[in-house]
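Naming follows writing order (A, B and C), and every chain is counted from residue 1.
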Amino acid sequence: MEVRTGGRGFSDITRKVQEVVARSGKKTALCTVFIQHTSASLVIQENADPNVLRDLSGWMGELAPESRAWIHDDEGPDDMPAHARSAITKTSETIPVTDGQLALGTWQGLYVWEHRARPHTRHVVVHVAE
Amino acid sequence: MEVRTGGRGFSDITRKVQEVVARSGKKTALCTVFIQHTSASLVIQENADPNVLRDLSGWMGELAPESRAWIHDDEGPDDMPAHARSAITKTSETIPVTDGQLALGTWQGLYVWEHRARPHTRHVVVHVAE
Amino acid sequence: MEVRTGGRGFSDITRKVQEVVARSGKKTALCTVFIQHTSASLVIQENADPNVLRDLSGWMGELAPESRAWIHDDEGPDDMPAHARSAITKTSETIPVTDGQLALGTWQGLYVWEHRARPHTRHVVVHVAE
């Protein structure tokens, strides 16, 4: 699955992943989502108030700031912070499937978290197993 | 599975998850544990010295402090720190099963990490697949 | 699988895990890697420029510093920081298998991240399911 991000921020992929689950025809299953990058990651977070995502972004910007004296900066000041932010969020997320639906909580959405400043095309593998 | 937490802190769910594995009758399998919330999370940590969990709590309180100027504070000052702490710990944890037992290390326990100040009833889905 | 680490730092286990996948003979599958410790963890990161790993190490040293007044220090000043660093990285990592190969991105490597100062023998369980 390709996900076009808009630069630093979150892309909700819940519906697209649910569509893959539906197409599999499986009712009780396990859905694994895997992102093939180390400067963007996955996270399951609240999908109700957009300020939650805004706060997460701001806070993560302080936790792994561009202003730190990183050695690796081949692609600019947003390069290494992106790796650091990926390392403490998720590369894979595993979600049980019940009655053909992702068993997410009411307020949970699955997001690609883009950590690079500019838009990127990100590759996400979705695997559904019984 | 419902887990009643005592407010901020850790609830050891290792035994309850092991019981689900035992009831499945599966010997070589994969056990996935998924928490349906974004203000509580999962973590596998040392189950020997309770000071490890105390230190984790204190440290996490500094990493995502209540005193930060969070935008989202609908449910109080512990609301957004809970989301931040969830984002950098686990929503899902996957544990191989060998001889009908969770293949945990000697000192590993599986915990629900409650990030909200008050007690909550948390929903955890356990999936066992061959 | 046993992994002998060289003390604080990263051990690339991508090839060893790929060998387990190959031996399983499975073509479309799910590979779960689980580390049986709480003072060493797993992480998928860039395998091209070694400075990425160097920066991750330095940054993590600031995020969970030895100099903090940890309560738990039974095994020395590197003891509790190791638990903290493990808690925000991965105990399990799940990677889809396509055509008999781990579906990793071009620049992704799977590493055991040793958080203790001295070398350790770490136990990693690899599970391959169809």
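Everything below uses one rule, namely that a residue touches a chain if its C-beta (ideal position, glycine included) is under 8 Å from a C-beta of that chain, and two chains touch if they have at least 3 such contacts.
The shown structure was predicted, so the numbers you read here are calculated from the model rather than taken from an experiment.
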Worksheet, complete the sentence: Touch-connected sets, chain A omitted, are one piece
Item to complete: For the copies chain B and chain C, give the interface type as same if over half of its residue numbers appear on both sides, and as different if under half do.
Response: different
Discussion item. Chain A and chain B share one sequence, so how far apart are they rotationally when you fit their Cα atoms? Give it in degrees, rounded to a multiple of 5.
Written reply: 120
Worksheet item: Distance-wise, how many Å sit between the C-alpha centres of chain B and chain C, to the nearest whole number?
Response: 20
Worksheet entry | Multi-partner residues of chain C (each touching 2 or more other chains) | 30, 63, 88, 90, 94, 129
Worksheet item: What part of chain A is in contact with chain B in the complex they form?
Response: 30, 43-46, 49, 51-52, 54-56, 58-59, 63, 88-90, 93-96, 98, 103-108, 129-130
Item to complete: Can you check the complex and tell me which residues of chain B touch chain A?
Response: 30, 32, 34-39, 63-64, 68, 70-72, 74, 80, 83-84, 86-88, 90-92, 94, 123, 125, 127, 129
